[in-house]
Amino acid sequence: MDSLQTYLFISAILFSLGLYGVITRRNGIAVLMGIELILNSANINFIAFARFGGMNLSGQVFALFVIIMAAAEAAVALAIIINIFNNLQTVNIDEAQQLKL
Amino acid sequence: MLINYALGILFLPLLSFIILILVGKRLPRQGDWVAIGSVLITLILSLAMFGSMLLSHDPGFSHEASIEWMDLGAFRIELGFLIDNITIVMLLVVALISTMTHVFSIKYMAGDIRYSRYYAYLGLFTFSMNGIVLANNLFSLYIFWELVGVSSYLLIGHWFEKDSAADAGKKAFLTNRVGDIGFFIGVMLIFTALGTFNYGEIFQGVAQGDMAGTLLTLAGIGLFMGAIGKSSQFPLHIWLPDAMEGPTPVSALMHAATMVAAGVFLTVRLFPIFTPEALLFIAYVGGFTAIFAATIAITQNDIKKVLAYSTVSQLGYMILAVGTGAYIAGFFHLVTHAMFKACLFYGSGSVIHAMHHALHNKHDHDTDPQDMRNMGGFKSKMPVTYWTMVVAALAISGVPLFSGFLSKDAILAGTLAFGTHHPQHFLLPIFGFGAALITAFYMFRLIFMTFHNEPKLPELYDDINESPKEMTFPLVLLSTLSVFIFYTLPYFNPLSDHGWFMELVKAKDSMVPGNPSAHEIAEGIHHSHTLTMILSTLVAALGIFLSWSVYLKKRISADAWAEKLTPYYNLSLNKYFFDENYDKYLYQPLLRLADRISFIDWELYDKYFINGFGHVTKWLSFLTGRTDYDGLDQTIVDGLGRSMSKAGSTLKEVQTGRLQNYMLFALFGVVIIVIFQSF
Amino acid sequence: MPDFAFGLIVAITLGSAFMVVQGKQLLYSAIALLFTFFGVAGLYIFMWADFMAAVQIVIYIGGILVLLIFGIMLTNKITSVNISHTSLQRGAGVLVALSVLSFLVVMIGRTPWLEKTALEPAQTVDGIGTLLMMKYLLPFEVASLLLLGALIGAAMLSRNVD
Amino acid sequence: MDNILSWIIWIPIIGMVAIGFVPRGQQDLIKKIAAVTTGIQLLVAVMIWITFNPTDGSFQFMERAEWIPSLGIAYILGIDGLSLPMVALNALIAFLGVFVSWNIDRAVKGYFALFLLLDTGIMGVFLSLDFFLFYVFWEVMLLPMYFLIGMWGGPQREYAAIKFFLYTLFGSVLMLIALLALYFACGKTFDMLLMMERAPFALDGVVWWGMSAIKVIWVLLFIGFAIKVPVFPFHTWLPLAHVEAPTAISVVLAGILLKLGVYGMLRINYTMLPDAVWWFAGAFAVLGMINVLWGAMCALAQKDLKKMVAYSSISHMGFLLLGMAAVIAGGAANGSNLMAAQAGINGAVFQMFNHGTISAMLFILVGVIYDQAHHRDIEGFGGLAAQMPVYSGIVALAFFAGLGLPGLSGFVSEAMCFIGAFPVFRTIVIISTIGILLNAAYFLWAFQRMFFGKLNEKYTGLVDINRRELFTVVPLLAITIFLGIYPRPFLDMIKETMNVLIDQVVIVGGIAGIF
Amino acid sequence: MSNLQSLSLYWPELILSGTILLAIIIDIFSESQQSKKVSNWVTLGLLLTLIAVAITKHSPTTLFMDTLAFDPFASFIKSIVIVATILVIVISRNSNEFKGYHTGEYYALLAVMVFGMFLMASAIDLIMVYLSIEVVSLMSFILAGYLKNNPRSNEASLKYVIYGAFSSGIMLYGLSIIFGLTGTTNYFEIRDAVKALDGSADLALTIASVFVLAGFGYKISAVPFHFWTPDVYEGSPTPITAYLSVAPKAAGFALMIRFFNQVFVDGASLSGMGWSSTVSFSWPQLLGIISVITMSMGNLVAIQQSSVKRMLAYSSIAHAGYMLMALPTTSSEGVFGIMIYLVMYLFMNLGAFFVLIYVIEKEGGETFEHFNGLGWRMPIVGLVMTIFMFSLTGLPPTVGFIGKFYLFAAVINAGPAFYWLAFFGALNTVVSLYYYMRVVKAMYLTGEPSDVIAVPSFSMTMIFLLLAIPSVFFGIYWVPVLGWVKESLLLFVQAL
C-alpha cells in the first residue's frame, strides 16, 4: 500500500485529470484549476521520490519552489483574467479568439 | 595560278553581294554593273581555267589547296579548293549561265523596286554555287550547300508581297533542309569512321576498307539525301515547281541549270564511295523521278511549270545515270541540260515578259501571263525566241545533232547496259526511255501551244513584241551552245559522244571494293551504244510526232483523251496530290503536334506541375494553417456533422483561435512522439 | 487503520479532483479543489513531508485557492447563484488524458525507480532549511525575484487604468 | 595592371555608387554613367582578351586574398579559356544592354543601379575560383534580376519575377548542399583548384544510402545548374521571364544568364566529379535531344514573337548539351575518340558564346519592333519588309543565325556539337537533327508572317530601325558573321583549356573508375 | 564553487539586480507617465551589465554549488539578450503603442526578464531550469498583456499564460520523473545516473524527455508546442513581439543545448571528439523531425498570412526550426552554427520587426496592403526592409545566408544520416522566399514611383541603419562575429 508506485499512480491520475480539465474547461479560472492539479501531481511525485529515494530532501525543496511559483503564476494569471473580463465581459477562453488566421 | 583564279571566281561575286547589299541603292543604275562586272570577270577567269584545262589535256589533273579553318589539336577542319576537270567544267557552266542571267535580267527586271537587291542576291548565289563546285571537302561543301539554299530562298521570295512567293521560298528552304539533315548525318557517319572531311582522304579510307558495308551504304544514302533535296528528286521534288514563283531568270539560273544540278554534282563527286546498294537506291530514285515528273509535265498549262517538271525529270535522268554507274554521262547531261534548259527558261521568260507587257497595256490584271492556254501564234511575233526555243526543245528531246542527244544517249546507254547486266532491274531502262518519249511530247506541246496555232487571246496579240537585245542575246548564245558541235570537238561526228568532254572528264574507279571499275562500266555502255542510239532517236521522234498530231494538227483530241483518262489526267494535273497529302499528313499534323506540345508545356506541365508545386505548397499551407487553428476540433473531435453545418456559417466562425485546441494538439503531439519514440 | 486513512485520503483527493474537472458549477469546482489540496497535503504527511504539508495548506489553500475564488467572484455577478460553466472537446480530452495516463501507468510499473530505504526523520524543516541556505541558495534568491516581478506585474495589470 | 580581374568585376559597382549620388531628375546623366562604366568594363575585357595567353590551359591573372581563413574561404579569381569568352560576352552584352535600355523612363536610377549590380554578379560568377565566392555571386544575381523583371517588366511581371526567383533559388539551395558536401569531402576548402584535385578521389567509393556519393552530389549540382540552362523539364520559367522582362533584361537573360548554368556544369561538375560525367553523359544527350525538339516544337506553336525566341533558346541549349555529352568519346571505352571529344566540348563552349550573341540580337530586335508596335503578335504584322527594309534585313540575318545557317557563327558550333556527340550517341544525334529542320521552320515561318505578304495598313507609320538600335545590334551581328566565317580566333583561345578539361574527365575520371 | 566564491564571478547579475531594484524605486518616485527616466536607467544598467559580462573572464566553472555554469557560452547568450533588450527598449521609447500607459514597470519587468534569461543561459540544475523558465515566462505574460485596455493584448496574454503554465506543468512532471530516476537535480549527476540505467528505464526516459521538451519547445516555439506563438505575437505590443522572437528564443536554445549535450551525451561532443549518447532512445532523430516539422509548418502557414506581423511570427517559428536542425548533430559545429545564427537572426529579425513598428505607426496597419508602394514613398525604410527580407530568406550577401550556411555546414558535416535535414532546410528556404518576397513585392512592385519622399526621424534612421548595415556587412565579412562566437564556443561540460 504505502509504496512508491501507489503514490506515482495517484499522481498520474491527478495529472491526467489536470490535463483533462485544462483541455476541456471553458472558464479561464477552471482551466487554472486544472493547471494547479498538474502542479500538485508533480509535487506528489517529487515528494514521493524524495521519500522513497532515501529521504532525499532535494525533492521537497523542488516542490517548495513549485508551490511558490504556482502562487506567483496564479496571481499573474488571475490579474490577466480579470483584465480580460474588464474588456470582454467574459472569462471563457474559447471566446477570446480575435487572434486568428 | 589556278588557285588565284579560283579565289577570284569565288569571292568576286561575294564582293558584289556585299557592295550591293550595303550601298546598292545609292549607286548609279542601282549598281547592276557591279554585279554584271563581277560575274563577267568570273566568266573570263573560268574561261581561262577552261582554256588551260583544254591545253594541258590531262584527264587526271587535280590540284588542291586548303587553309586550316579550325584546329583543336586532334579535331581539325580545313577549308579548301579541289580543282580538277569536273570543277573547271562546272565552274564554266555556272559562270556562263550566271552571266547570261545577269544580262537577261537587265531588261527583265527593269523597274523592279528591289532591283539592286536582286543583283545582290544573284551575287550571293554565284558565290555559294562556286563554293560548292570548288570545295575539296564535305564540310565546306555543306557550308556552301546551305548558302545556296538561302540565296534560293531569297530569290524565290523576291516578290514577297505575293504570299505564294513567300510560301514557295520557305517551302524550298525547308524541303532542302530535310535533305540536308540526311546529308549531315552522312557527313557525320563518314567523319566518325574516317576522321576526315576531305574527298581524297575519304576515298583513300574507303579504298582501305576503313569504312564498308552497311555503314558505308547508309552514309552514301545519307549524302545522297542532300542531293534528293537539292536536285528535287522524288519525294522531295515538291519545292521546285513552286520555286517558279521567283523571277524567271532566277528559275533559269538556279532552278534549271546550276543550283538544282548541285545534287548531281555532289553524287558525281562522291561516286567512288557509293556502295552497290546505295547506287541502286540512287538509280531507282533518279529513274522514278525522271518518269514521274515527266508524267506531270504533260498536263501542266503554266509554261514555267512545264519547264519545272521537265527539269525535275531531267535531273532524275542525271541521277539515274549516276546510279547506273555512267556518272560521267550524268555530268555531261548536266552540262548540256544547263544550256538548253536555261535557254528554254529564258525563252519562257521572254514570252512571259511579252505577255506581261501586253496585259499591262490592256490593264488586264486577271489574266495569267504564264498560262499557255492564253498564248498561241507567237511564232511570227517573236521569231528569235521561237527559233531558239525550238533548238533547245530539240536538244532536250534528244534529237540527233543537238547536244541533248549526246548526253541523253550516253545516259540511256548506261541504263540499258545496267539493265542488261542486271535483268532484275529492267525497270530502269524503261524509266529512261519512257521519260525520253514523254519529254519529247510535252516539250513540243509547249512549243506548239505557245507559238503555233491561232492566238487564244487575239486582243492581246497585237501588243506581243519580241524582247529586247539584252534578253535575246542569251537566248541565241545558249541555243547555239545546244548544238552538238560544241561537245564533240575536236571530232565532228554528230553521233559520237566522244569529244573533249569525254576525253578530259574521265570516270574514276569506284573506291568501294567489289564495284565494277570504270573501265568495265564503259565497256558495257559501249556494247549497248548502238542500240541506244536507234532507240532513243525513235523515241524522240515518236514523242514529237505525237505532240505534232495532237497539238498542231489536232488529229488526236487532247480533250477527248483527257476525258477518257480523267482520273489519270487529274492525278497528273494535280501533281499526284503530293502537296495536298504532305499538307494533310505531314505539315498539319506537325503543326498540331507543335500546338499540342506547346499546350502541354505551358498549359499543363507548367500550369499544373510546376505551378502545382506552388499550389501544393499553398494547399499544404492552408491545411497546416487549418489544423493549426481549428483542425481536429472541427474535423475529428466534433464530428463531420458539426463541421458540415459550421461550414455554412461565416469563415470567421470556422477559423477559431481557440487556445484549448492548441493545447489539445500539443498533447496529441506529445502522445504521438511518445508512441513514435517508444514503439 | 493507517491503510484506511490512506485509502480515504486518496479517495478524497482523486474524487474531489474529478469533481474539479467535471463539476457543472464553477464554485463547486473551487470547493472540490479545496478538498484536493487537503488530500494532497495528507499524502505529503504520509510521505513524511510535514513541512511541505504545512506549506501546501498555507500557500495553496490560504493563498492560491482564495485567489481563485476571488477571481470567480470578481468575474461573475454575485447574484447569479450557480455560475455554471460548460466544457468542450470532451471526447478528445478523455482520449488524450487516458492515453497519457496509460503511458504513465505502464511507465510507473516498468521503471526501476531509484529506491533507498531511509528512516523517518523527526522533522524535515532543518534539512530543507539547510538545503535552501546552501545548495539552493541561488534558486531561493531567484524565487524572491520571481515573486517581486510577479507582484509588480500583477499589480500593474490589475491597477485601474492609468 | 594588377588585379585586372577584380577591376572588371567591381567597376560596375563603382558606377552604381556614382549613380546613387546623381541628383533626382538627371536621367541622362545616369544613363551616361552606366554607359561609361560598362564601356570601361568592355575595354578591360578586351584588354584581357588581348593579353590572355592562349597556349596555357590553366588559370591566368590569378588573384588570391584571404577572406574567411577559418572556413577556407578566400577571394580567388582567375580566368581560363572557359571563362574568358563568357567574360568578354558579358562585358559586351552589358555595354549594349545599357543602350538597349536607353528609353527606360520609370525609376531610371534604380534600373541602372540594379543593372550594374547584375553585371557585377555575373562577372563574379565567371571569374571566381572559390566555390563560396562563386555561390555568393550566383545568388547576388538573383536579386537585381527579380527587381528588373518585377518592376520594369510586362503585365505579368510580378508572377514572372517570383517564378524566376523561386525556380532558381530552388536550384541554388540544392547546389548549396552539394557545395557543402564537397567542402567537407575535400578537406574543408572552397578553393576550386584544390577541389578539382581532391574531389575526384576524395569521394571515390563513398556510398550514401546505397547511392554513390558522387552521383548524389552530381545530381544536386546538375539540378542547380540545369534550371539556369534551362534543361527540360526545368525550363518553364524561361518563356515567362523572357516575355515579361524588359528588352535589355531579356537580352541579358538569354545572352548570359543561361550560360551560367552550362558554365557551372563545365566548371564544377566536369572538373570536380569527372567520373560521374561518364555516368551522366547519356542523360545529357537525351536531355539535349528533348531540349532541342521540345523547344523547337513549342517555338513552332508560339504566336508571341518573344516567346518564340525564348523557346528557341531552349532548343539551342539542347545542342549544347549534346556537345557536352560528347566529352566521353575521349575515353578508352568509346574508342579514345579525342577528335569527337574536342569537337563536342569546344563546340559546346562556342555555342554558349554564339547563342549569347545571337539570342541577344534576337531579343534586341524583338524589342525594336515592340517599341513601335506595342505588341509582339507574330500574326499581327505582315509585309514589314517593304516598310522597314534595314530592320527586316537584320532580322533575316539574325533569324538565319538562329536557324544555324553556315557562314554565321551558330552553325559552326552546332555542327561541332553534333559531330562531337555523334560517335557515342548516334541515334540520339540523328533524332536531334530534326531540330535543325524545326528551327528553320519556325524562324522562316515567323519571318514570313511578319515581313512578307501585303503590308498591314496599321503599320504604314512604322519607321525603320534607328541609329541607337543599330548601334546595339551591329556589333553582335559583326561577331556572328565573323566567327561564322572564321571561328579560329575564338577557338584558339579556348582549346587548350578544353584539352585540360577533357583530360580531367577522361584521365582523372578514368582513374577514379567508371561506374 | 561555493556560494560566496561564486559572487566574484556573478557581478554582472548583481549589477542587473541593482538595476532592477533601482528601476522600481525610480518608477515609484517618478511623476511622468512615460518614465523616460526608468528606461534611461535600465538602458544604462544593461550597458553596465554588458560591460561586466564582457570583462568577467574566468575559465569555465560552476557557480553556486553547481546550480549555474559560468562559461563563455553563457556570456555569449547573455550578451545577445542584452543587446536585444537595449534595442527593444530604444524602439519601445519610439513606439506610440504605449501611449496612455505607464511604462515604468515595463522597463523594470524587461530587466527582470533579462535576469531570467541570464539564468536560463547558464542553468545546470533542474530547479534552476524550472525557475528560470518561469521567471522569463511570467514576465513575458505580463509584458504581452501590457496594453491592458487593448482586448487583443489581453487575449494574447491570457493565451500565453495558460499555455505557458500548461507547458511548464508538463515539463515539471517530466522533471519529476528524471528526479525519480536519478535522485538528483544536478545535470552531471543526472548524466552519470542515466548512464547507469538499463533498458527498462527507457520508457520513463522517453516520457520524461518528451515532457521536458514540451517546456523547452514552448520556449523556442517548436512544433507541436508552438501554438501560442502566432496569437501572442500578433496581440502583444509589437516591440514585445520583436523581443519575444529573439531574446527568449536565444535563451531557450542555450537551455536546450546544455540539457541535451550534458544530460544525454557523454560530454565529449563539444570538444569535437564525437559523441556517444548515454541513452538508448533516438532523441537526435526526434529533434530532427521536430525541426523539419517546425520549419515547414512555420513557412507554410506564413505563406497565407495577410498580416505582416503574423507572417513574421510564423517566420520566427520557421527560424527556430532551422536552428533546431543543428541541435541533433551534437557537435561543436552544430552549436557553433546555432550561435552564429542567433547573432545573425538578432539583426535581421529585430530589423524586420522594427520596420514593422515604424510602418504600423506611419501607415496605421500591419497588413501587406500597408506596405504597398512603401519602397517608393520611403526609400530608406524600403531599402532596409528589403535587406531584412532577403536576409531572412537567407540570400547572400546578407547575414541570413551566413547563418544558414553554418547551419547547413554543421548538418552536412554530421554525415549522411543527417542530409535529409539539410535537404528539407533547403526546400524550406525556397518556400520562405515566397512570402518574404511578398513584402518586397508590395513595397516595390505594387505602386508607382512617388515624388513625395518621407524620411524617418533621425533616431529611427539610426536604428534601422544600426541593424541593416551589419546585416549586409556581416554577410560579406563575418570574421568579427566568427571570432566572437569562436571564443564563446566553450561550454562548461563535464566529460565522463
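Just so it is clear, A, B, C, D and E label the chains in written order, and each chain counts residues from 1 on its own.
The rule is simple: a residue touches a chain if its C-beta (ideal position, glycine included) is under 8 Å from a C-beta of that chain, and two chains touch if they have at least 3 such contacts.
Listed by chain with UniProt protein names: D = NADH-ubiquinone oxidoreductase chain M; E = NADH-ubiquinone oxidoreductase chain N.
What you are looking at is a predicted structure, and each value in this text was computed from that prediction instead of being measured.
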item: Path length in steps (a step moves to a chain that is touched) from chain A to chain E; value: 1
item: Any chain in contact with chain A as well as chain B; value: C, E
item: Per-chain CA centroid nearest to the all-protein CA mean; value: D
item: Of B-D and B-C, whichever chain pair has more C-beta contact pairs; value: B-D
item: Separation of mean Cα positions, chain C and chain A [Å, integer]; value: 6
item: Mean-CA-position distance for chain E and chain B (Å); value: 76
item: Between chain D and chain C, distance of the C-alpha-averaged centres to the nearest whole Å; value: 71
item: Length of the line joining the C-alpha centres of chain D and chain E, rounded to whole Å; value: 43
item: Junction residues of chain D, two or more chains touched; value: 166
item: In chain B, residues with contacts to at least two other chains; value: 614, 625, 628, 657, 659-661, 663-664, 667-668, 670, 674
item: Multi-partner residues of chain A (each touching 2 or more other chains); value: 8, 15, 18-19, 22-24, 31-32, 48-49, 53-54, 56, 58, 61, 65, 69, 72-73, 76, 80-81, 83, 93-94, 96-101
item: Chain pairs in mutual contact under the definition given at the outset; value: A-B, A-C, A-E, B-C, B-D, B-E, C-E, D-E
item: For the chain A and chain C complex, residues of the former touching the latter; value: 1-2, 4-5, 7-10, 12-21, 23-27, 29-30, 32-34, 36-37, 40, 43-44, 47-58, 60-61, 63-65, 67-76, 78-83, 85, 91-92, 94
item: Residue ranges of chain E in contact with chain B within the complex; value: 158-159, 162-163, 166-167, 170, 202-203, 206-207, 210-211, 213-214, 223-225, 227-228, 230-231, 281-283, 286, 290, 296-297, 299-304, 431, 434
item: Contact footprint of chain E on chain B as seen in their complex; value: 614, 617-618, 620-622, 624-625, 628, 657, 659, 661-663, 665-666, 668-670, 673-674, 676-678
item: Of chain B, residues touching chain A in the complex; value: 625, 628-629, 652, 655-660, 663-664, 667
item: Residue ranges of chain C in contact with chain B within the complex; value: 88-89, 91-93, 96, 99-100, 103
